[in-house]
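Each of the next two complexes has subunit A plus one more chain, namely subunit B in the first and subunit C in the second.
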Partner chain A sequence: MTAAIAAQGLGKRYRRTWALADCTLSVPAGHVVGLVGPNGAGKTTLLGLATGMLAPSTGTIEVLGGRPGSGRAQLARVGYLAQGAPVYAGLSVADHLRLGARLNPGWDAGPARSRIERLDLDPRQKAGTLSGGQRAQLALALAIAKRPQLLVLDEPVASLDPLARREFLQDLMEATADQDLSVVLSSHLITDIERVCDYLIVLAGSRVVAAGPAEELLATHHLLSGPRRDPASLPGGVQVISASHTDVQSTLLVRSTGPVLDPAWTVSEVGLEDLVLAYMSQAAGRGRRNHLEVQR
Partner chain B sequence: MIWLTWRQFRAQAVTAAAALAAFAILLAATGPRLASLYAASGLSGCHPARCADLAGGWLTQLNIGHTYFMLYEFTIAVILLAPAVTGLFWGAPLIAGELETGTAALAWNQSVTRTWWLAAKLAVGGMAAMAVTEGLSLMQAWWAAPIGRAVGLGATGTFFAMSRFNSLAFASHGITPLGYAAFGYALGVTAGALTRRAVPAMAVTLAIFAAAQIAMPLWIRPNLLPAEHAVVSVTSLRTITLQGGGGPHSSQFHLGTENLPGQPGAWILSAGTVNAAGEATTTAPAPCTTRQSEESTHAFIECLASQGIRESVAYQPASRYWAFQWTETAIYLAVALALSGYCFWRLSRRLT
Partner chain C sequence: MIEFHLDGRSGVAPYLQLIHQVRHALRLGLLHEGDQLPKVKDVAAGLAINPNTVLKAYRQLEHEGLAAARPGIGTFVTGTLDGGPLAAHGPLRRDLQRWLAKARRAGLDDESIEALFASTFRSAAEEDIA
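Then we have the complex of A and B:
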């Protein structure tokens, strides 16, 4: 089966700064993929590259086996809901549905219309007067009715209130259940990701720091706490992601394929939020160190 | 794609249609009166020997009346500005507006390639801009036909009596408006693709378009075809501009002309006096710097002629009018195509 997204040494540079660097990953199809990371980590850049809105500076990316944005067929297979859910302010809701129907051979008019009806949107209303949530729903309806094989959503719920967020994600889940659809969804709200995603990509400092099925990631990461000691004393194969120390106690978040058997440590399961935060702070720490080296 | 293009262009199309209609009404309301003035002037069927003076007199009357003078100037200005306006308000926001509002991500992620998207947009907007500008030009040409006929009879010496090569007249009639409109629109689109923001794109479009429209008549158009040269008697010139000359204190003079005997409607590129040896001269010969010459231009010119001074003129014959029209239009269309090609390339490779 072809991967939903396969990247090799992928990078994107804006003038001197790398928005995304050295990204190699392979995301199998059929997942709801959560893309998490702090602001400026490169999430939007990665999604832009996946949809062909951006051209890579280095490396290659293939989406469903094709070059992103390379032609009608490729465009038809990928739906994209960009950040802020842009719609044409001057066109009505009905115009947007007509736009989708005219521009997409695989357009599925029925569900699109019923989705709009369920949202109580007046088809004659101009899209510019819609609320942020309604706009996001309209844009999602457009992206889903196109019947893509991969749906790419960039911060789709960022501007929504908690209730609208729940409805939006519910809608999304229904759509993925109905059709054979892979989803890549970026967000910095880890609880949302936790609820809907079964595959995770953690981006920090323009790099992919972790990627894999959510369960597998959770199973291979552990939270260790115990009397204060040097993290270097841990056995091989255990990689420390983050460490915090008080005078008497150390708390470590480690990655280890096998169980940690040292009785000195109390081992507990790690939550997704802790895991992501650990990777983020690790990347932030690395960034600071680099910065200091440059200054010296 | 055609549907979306049309749907998004609808408001502009309505505005353009309204502007064309207003222009048509203005001309339709004033045109018949101009035609009846011409009919009453007795210019049709005039005696060939008197036609030129009669036509000149009629045009002078129109000039004095002011209404038609102002209408003529206004309509020409509208035609000359139309390509800039369409370039600014239709061309510049085409790509820049989509990028600014983020809707580019919506437009370019339907099952339609950017190339096809741009092709539809360029075709509809560009054709509309060309149609509007040429429509204005044709309407104005119909309206101003009596003035054109009077000028054709050899009238000289009034504002209306400018040759068809006059930079205002040339740029507002014939097929050149098509070229300008295509160029203005493509320029706007390109500026938008480069600046990615509509307002700066509009400023850039205006600056470059204005520069092109100034450079063209001043430096490029006169050289599109090699000029003809003629040396004629100074007494044969019908309209002259004389600076200095005659009198004991100023022997320096310059004698210009706006028309050339035997070449009605020719475009005079440069004119100046030459001596019997054919060398350019601006110094009046001693016999001509007398009190009598100072008081009478006619006597001065006669004196110059008797001293063997003649007028050398570089010009483009009137028969080349359409050659110039086609050449200039082709140049603008070619630039418009090149700019469009660049937009296609940029959109498919480098954008966002």
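Then we have the complex of A and C:
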């Protein structure tokens, strides 16, 4: 099966700064992929490379087996919803549907119209006067009507109120169940990611620090707590992601494919939020250390 | 037709919550053999969850013999669940009440009683597996 996204040593540099470096990924099709990481970690850059809006500085990226933005056929297979759900403020809702129909060869007019009706949008209303939630819903309706095989969404729900956010995700999940659709979406909202995504990519400090099916990531990470001791005393194959110590206790978040059997540790499951935070703080700690070394 | 709901703070994986709800509905008699389960698309859209999560729950129910998929139509209930004959509940409850009274006399508080029950239940279940 062709991968939804396959990247080899992918990197993007702006002058002397690497926005994304050394990114190697293979995301199978048919997933809803959550892209998480702190601001400036390279999420938008990775999405830009996947859609062909940006060209790589190093390495290669293939989307559904083709080079992003490489022609009409490739463009028709990938839908992209940019941050803030941009629409044409001066055009009406109906104009947007007409425009979509003219610009996209595989346009699916029926569902788009019924989606707009369900949202109670007046077709004559100018898009510039829509609420944030309505604008996002209009943009999503357009992106789904394009009938892409991969839908790329950059922070689609960040600016929406809880109700609009839920409605947006309901529509997105309905489309995912309905069509043969892979989705990649970036978000800071882990609770949403947890509901919606079954595959996770964690970006931090311009690098992919973890990637895989959500269940697999959860099953291979554990929270250990016990009497204070040196993390280096852990057996091989157990990788410490984050550690905190008091004078008597150590708490570690570790990655380990096998079970941790040492009875000195109390082993508990890790939630997605703790897992993501551990990787983010690991990368942040490394960044600070590097910074100090440079200053010295 | 039953309607699913999700508790985001329970810590229980969403697909397990769906399975529990089907089993619970079977026990309460809300679902019967032959009833259709909500369509994957409707559950995904209604709860805003990944359709694969719903599929996984339904596959697990099929594996347990409680449901079967009819391609192109949906998933249907094929099994029944009951908590054992109701007649057995009375004596068991009386035994448990006697045991609880004993535990209190021994000085255990509610939390210790629950912990003792849970850990005994777990180790008994583990012995069954082994």
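By definition in this document, the second predicted complex is superposed on the first by the 296 of 296 C-alpha atoms of A that agree within 3 Å, B and C clash if a C-alpha of one lies under 4 Å from a C-alpha of the other, contacts with A are read in each partner's own complex, and residues count from 1 in each chain.
By our rule, contacts are C-beta pairs under 8 Å (C-beta built on N, C-alpha and C of every residue); 3 or more make two chains touch, one makes a residue touch a chain.
Being a predicted model, the structure only gives us computed values, none of them experimental.
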{"item": "Contacts of A:Gly271 with subunit B and subunit C, given as first, second, both or neither", "value": "second"}
{"item": "First (subunit B), second (subunit C), both or neither touched by A:Val32", "value": "second"}
{"item": "First (subunit B), second (subunit C), both or neither touched by A:Thr51", "value": "first"}
{"item": "Touched partner set for A:Asp198, first subunit B, second subunit C, both or neither", "value": "second"}
{"item": "Which superposed partner A:Met173 touches (first subunit B, second subunit C, both, neither)", "value": "second"}
{"item": "Subunit A residues touched - subunit C or subunit B, whichever exceeds", "value": "B"}
{"item": "Subunit C to subunit A touching residues, read off their complex", "value": "6, 8, 11, 14, 40-41, 44-54"}
{"item": "Residue ranges of subunit B in contact with subunit A within the complex", "value": "1, 3-4, 7-8, 11, 101-106, 108-114, 349-350, 352"}
{"item": "For the subunit A and subunit C complex, residues of the former touching the latter", "value": "30-32, 166, 169-174, 176-178, 191, 194-198, 269, 271"}
{"item": "Contact footprint of subunit B on subunit A as seen in their complex", "value": "48, 51, 53-55, 69, 71-72, 75-76, 78-80, 82-84, 86-91, 95, 98-100, 102-106, 139, 142-143, 146"}
